[in-house]
Amino acid sequence: MFFHKQELQYTAKPKQPDAVYARRMQEILGGQYGEITVAMQYSFQAWNAHLPGKYRDLLFGIAAEEFSHVEMIATMIAQLLEKLPVEQSEAAIQADPTVGAILGGTDVQSAIVAGAGVRPVDSNGNPWQASYITASGNLLADFTANANAEMQGRVQVARIYEMTDDPGVRDMLSFLIARDTVHQQQWTAAAAELQAEGVEQLPVPSNFPRSRENRDVEYQFINFSDGAEAKDGAWAKGPTPDGEGEFSYEEAPFPTSPAVFPPPTQPDPRFFGT
Amino acid sequence: MFFHKQELQYTAKPKQPDAVYARRMQEILGGQYGEITVAMQYSFQAWNAHLPGKYRDLLFGIAAEEFSHVEMIATMIAQLLEKLPVEQSEAAIQADPTVGAILGGTDVQSAIVAGAGVRPVDSNGNPWQASYITASGNLLADFTANANAEMQGRVQVARIYEMTDDPGVRDMLSFLIARDTVHQQQWTAAAAELQAEGVEQLPVPSNFPRSRENRDVEYQFINFSDGAEAKDGAWAKGPTPDGEGEFSYEEAPFPTSPAVFPPPTQPDPRFFGT
Amino acid sequence: MFFHKQELQYTAKPKQPDAVYARRMQEILGGQYGEITVAMQYSFQAWNAHLPGKYRDLLFGIAAEEFSHVEMIATMIAQLLEKLPVEQSEAAIQADPTVGAILGGTDVQSAIVAGAGVRPVDSNGNPWQASYITASGNLLADFTANANAEMQGRVQVARIYEMTDDPGVRDMLSFLIARDTVHQQQWTAAAAELQAEGVEQLPVPSNFPRSRENRDVEYQFINFSDGAEAKDGAWAKGPTPDGEGEFSYEEAPFPTSPAVFPPPTQPDPRFFGT
Amino acid sequence: MFFHKQELQYTAKPKQPDAVYARRMQEILGGQYGEITVAMQYSFQAWNAHLPGKYRDLLFGIAAEEFSHVEMIATMIAQLLEKLPVEQSEAAIQADPTVGAILGGTDVQSAIVAGAGVRPVDSNGNPWQASYITASGNLLADFTANANAEMQGRVQVARIYEMTDDPGVRDMLSFLIARDTVHQQQWTAAAAELQAEGVEQLPVPSNFPRSRENRDVEYQFINFSDGAEAKDGAWAKGPTPDGEGEFSYEEAPFPTSPAVFPPPTQPDPRFFGT
Amino acid sequence: MFFHKQELQYTAKPKQPDAVYARRMQEILGGQYGEITVAMQYSFQAWNAHLPGKYRDLLFGIAAEEFSHVEMIATMIAQLLEKLPVEQSEAAIQADPTVGAILGGTDVQSAIVAGAGVRPVDSNGNPWQASYITASGNLLADFTANANAEMQGRVQVARIYEMTDDPGVRDMLSFLIARDTVHQQQWTAAAAELQAEGVEQLPVPSNFPRSRENRDVEYQFINFSDGAEAKDGAWAKGPTPDGEGEFSYEEAPFPTSPAVFPPPTQPDPRFFGT
Amino acid sequence: MFFHKQELQYTAKPKQPDAVYARRMQEILGGQYGEITVAMQYSFQAWNAHLPGKYRDLLFGIAAEEFSHVEMIATMIAQLLEKLPVEQSEAAIQADPTVGAILGGTDVQSAIVAGAGVRPVDSNGNPWQASYITASGNLLADFTANANAEMQGRVQVARIYEMTDDPGVRDMLSFLIARDTVHQQQWTAAAAELQAEGVEQLPVPSNFPRSRENRDVEYQFINFSDGAEAKDGAWAKGPTPDGEGEFSYEEAPFPTSPAVFPPPTQPDPRFFGT
């Protein structure tokens, strides 16, 4: 069960409205790596968890915080839009250049659809969609997805931090960035703990029998481009992270691999192909 | 530049057609974590790379291999669909129970739209979309995304491996699984190398000044759920992965944090809100 | 059958082109509550109607008018775009500030994709999609959806009316607003008539046996937030609109309701969960 | 702020797994009118509310309950999927007819993507999308949208209630149906209260000056189809719900209205039109 | 203006319901090349037409017929769904194998969302979307798009014709196929007439100055694959359709063309790239 | 198999960055008719081809070139974005009007999501989606789709050519336009060759028995609008392109055709319709 309190996790108050900036902030609310994504992603991972205990508690514990971040940002955006002018036509622009600047910089649907309100969309007005989230039932894969989500999120928040000098906005973002700092490291730590406890290991999924793999190619870097330096990296030589092998380097096309193209298919003529 | 050869990286030939299984295989072609996703993701990361040399060469080298995986799977699916029957109506089912089994198990658009052909969709018929991919310009974030993609991909291929016993299909999947094995470890190794070389570090992005974060909360686990065991994990105590702090544990709602809700906004009355 | 006449239901002629405003007008053509939505929504409701006679005639009668509104707005937008300049690059902006104002305010695809033409998209360029429409086979539910659609539509048209002072545009909008006025009331009246005639009633669907509901909670307001004033509304006390009960008020979490969480699921290990 | 408790609002436990039914239940979780929609819709309406007090408290109070419904259903679906078989190929069907029945009836991504887990999609596997929600800043319009959402939702839950005889599933659905019963009436009551208190009235938005409408057509039913009975309804004669006029009936095309088609537009030749 | 008559262009009456087939028919209603697509495509082309007269009249004349096809198919699908059983759970399957066959073969949302009604979706349940349509303002390009749409449509209708033996369904499809026959030829004829009259020519757009092209490569077939036979086609030798040149054949990579890769970009460090 | 070389097919180097123009160029990369579309479309047609030899070689030969065009444009866009300023808030606009011009004209996600990088989206920020592509298994239909794609593409590139005067950008576009010139004619030539060789003919599909069509209406132009000039075109009189008949002209509604509307459907009452 979820309960709501009419308080915010942290102050969300701009010094002054800025409708142009409101659009930018939509990205960290309703974008691919916005707060709606992480709130939903961690929730679905928790509902699909097969292990009771600390890992599931971790998922629920952070998921609900992310819903609280959704609320902080939504509240901030609504305030940033408070003075959004109605007149945004060409005539209004000529009368007041500020309007002209706002014209292209705000999300027009904030005005027309939401009446100067926040919307569940990204900074280009694309509606949030559930295909952004990941919940596979495999926790090592999913915690890696979560670490990535918090890294992408922190990069984005850092970018929009630099796009304003409103002290109220920056104060809230400094809180969210700090939470991204700890979350990206928590998912990293949790992924390490899964491996330390033997719950899961590289390669994910580790309980798929290795004998069923084509072991000839399981540690090869195969260079399908002509960059000469790919062979110098830790991915092309030296021990593999799973501790089971050594990376090797192969130039493609190498002689043994290519397989002949099968002949074209011949389906039923009533599919009217040619 | 990309060049094409009419050979496959590895044999893609089923022992016999299986239209029901063809639909399942669409997931690893056109799904969120299918081969189209990784081919496009690594390509866009390469085009956006700011560092010449080994990291970009790595991206190009694997990206083109992934396009070759797209082709292997597409070729396999077309063959699996070769004997797809045209008659799939109720009458046909009653005449032949095999048709009935195929009826709900195949992607109907394989028949109607593609004439027993492969399509750029997932196993539910959702068209592939570019919002699946990640290319942020920050390589540590992106290599973590890539490690996740290869983990999710290998989990999915392992699942569909178990859903067939066709030796030809399994042979091809054993090759793809092996490539996922190495790729997930290569991105992990590359992420480690970025850190070892000081290109990027945790927290990502590491060059955002830490002084701009709200440092009071940057290492706290804040438990927004009531699971008692979240405090026992490596994410709630002990050193943080960045080597800069110690995780701590807080129960929410904790007394100092909650902020008052701002008053409702009052936009221009010509937005006709209430 | 649908027939077309090369006349408009009402004059659609701007005093002068205004490409910036054209983008705003796209919302009421191709947006969630634009004219395409209502035209398609009423049509599908008519095709799915189970009652012959006045209700279905009502649906067909308004549906075809909405297609005529689609045409009026499309015609208007094309005219608003007629003088759209080709040069919209940075260089052009520096030469002529008017171009700069247009740059961010117009839909760039109007130029590049449609050659200064109208498009089936909303004001953010999102293509119209059929998931906007509602046609459930239950007329009371659907007429309520229709009343909502006309309310949302009139709110949006009123907002964009305020965003221009072009007399030709305003004249057309004054016609559309009047039609929204009557349509929202007609759906309200039709919903009332369905109930008066006993075709359908609250709660929708009224022929689902009430005995199958959990009657303990069918009239409770359960407050999952901590707002103190929700208990003062007509939704928390007094008679219910169906005339069958009294609303009551409960604070959550209340003692009797919560149920224990089920244990985590344990699917087949070959799904490779953790 | 949102907080989570590891309890459910009501018991969610099937008598036995039923993967085929799990797919059907996805509709009321992740469909156009599923619980994710109402949870998000009421939350965004609350964040955009301009009135403090009982109406906003109402929105927050129900919004958080809806997130709790999301959790109940997600938990139920995961249990329904617990025995989902891995082998779903043609060979498996021939060995066991039960598999054949499951084959087409389950969401294949439940298996391949989520490892026998719940997903944020509808019963056809379409990901939930934020374009389903409505939050306009006008409460009478939005409460009408909410009444509709609860009606559509109750119709759908009633339909899937009839599609199972599992007592555990039916018990949970009887709870959800009862909550839909009260919610649809609460939004109806709240809409009435807004009007009784003069906050908003028909036609929405009521503060748009009526003088700006084309008053000639604001109460006309114009019949664009040839159904003869549309004139017999309460939408074509008698007083209008706003108490300001009388509906009238007009056959289209009626003589005074049609406007001439404007001449085709002539944009800049560098758009290369014909 | 559009008007509606409660008649169909042609009889749409199945001999008997067939819910499985109904789903297949959705493709030609709401799919990429279904009737909604062509109705909307021709309408937007007409609204964007720059030439008055016969070409625009052609567009309007066929567009309205396509809306009438939408109605015929919608009416047919609703009838095919009339006997759709409610019970579709596993228990129902075991009691009656016919239900099992229907289970996976019907669109589940036809039942749950539309109450045994038609929906604006394709045969996989993907909602129709306006990004399917083409209306560029250039009639030769657009008429070619239309010819393609009618060809794709006729292929699909022919495929589903073969999937049923219901005489009522086949009778309606024989009408639609005949209309596709003429429409694909009419667009072909209209494209030819545009060229014969000098309105537009190959290459489209013909009024873009040829001198601005890189004329070195404007007639070369460049073979980026290794298929040996591409050089034997009419696209690699002989006169070009525009009558202005000769096709030539080049193997890639050919020596003169490749350009050096530019160095990586170096954006502002506050984008926090690596 | 695909291989990559770190060279470009043609120089892609702007004289100077232009972030506003970068957004426009996204259309020809990730739009409905951008390079991703044609690269994927020709590839899927090749994988679905049923004829070995020159037609399939043609498809592979051009497909891989299109992937090389994707790379040229991606590389160009990244360079156009290189000087994208971070500060884009209102304050920054007031300090520097150039920023104001950029504000609305650039894709905000280029900055926030990609760190001044290229993205797989169109000029409105809509992610590329696979529903743009066509691969039916019928080559005459598909080559017509390809001719259309190259025409639409050339129109769009010509439009954006006119929107810049950067000599580096124009030089690259002059190359792409020339390739569109030849490609649109090659698909036209290939479509003619299919017919000349008897592989396929009008009407597509030509092997569907004409006797199964309703031959009464297979050559009629039926005018569903009231435009008087449609009868003057080559689509309403004279021989048909298939050489089998004569077009005729009919005014709708004509007396013999209209069919009675079927009575409304009566599904199971447990669908709770009205």
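A few notes on this one:
Order as written gives the chain letters A, B, C, D, E and F; numbering starts at 1 within each chain.
The working rule: a residue touches a chain if its C-beta (ideal position, glycine included) is under 8 Å from a C-beta of that chain, and two chains touch if they have at least 3 such contacts.
Computed from a prediction, not measured in an experiment: that's the story for all the values here.
Note that among the pairs A-E, B-E or A-D, B-E reproduces the A-F interface, with over half of its contact pairs the same by residue number. More inter-chain C-beta contacts link the pair A-B than the other of C-F and A-B.
One inter-chain figure worth recording: chain D and chain F are separated by 34 Å, centre to centre, where each centre is the mean of the chain's CA atoms.
Rounded to a whole number, the gap between the C-alpha centres of chain A and chain C is 30 angstrom. Under the contact definition stated at the top, the residues of chain F that touch 2 or more other chains are 1-9, 32, 48, 56-57, 60-61, 63-64, 68, 75, 78, 86, 100, 103-105, 111, 113, 115-117, 121, 124-127, 129, 131, 136-138, 140, 155-156, 158-159, 162, 205, 208, 224-225, 227, 252-253, 258, 265-267, 270-273. On chain B, the positions that touch chain E within their shared complex are 1-6, 48-52, 56, 86-93, 100, 103-105, 107-109, 111-113, 115, 121, 124-127, 136-140, 194, 199-200, 205, 207-208. Interface residues of chain C facing chain A in the complex, by the touch rule stated above, are 18, 20-21, 23-24, 27, 31-32, 100-105, 122-126, 155-156, 159-160, 162-166, 224-227, 252-253, 258, 263-267, 269, 271-274. Those residues of chain D that touch chain F in the shared complex are 155, 158-159, 162, 270-272.
By the touch criterion given at the top, residues 5-13, 32, 53-58, 60-65, 68, 75, 78-79, 81-86, 111, 115-117, 126, 129, 131-132, 134, 136, 138, 140-141, 144-145, 147-148, 151-152, 154-156, 158, 161, 170-171, 174-175, 177-182, 184-190, 192-193, 202-205, 208, 212-225, 227-230, 232-235, 240-242, 247, 252-253, 257-262, 265-268, 270-273 of chain B touch chain A in their complex. Those residues of chain B lying in contact with chain F across their complex are 1-9, 30, 36, 40, 43-44, 47-48, 57, 60-61, 63-64, 67-68, 70-71, 74-75, 78, 113-121, 127-131, 133, 135-138.
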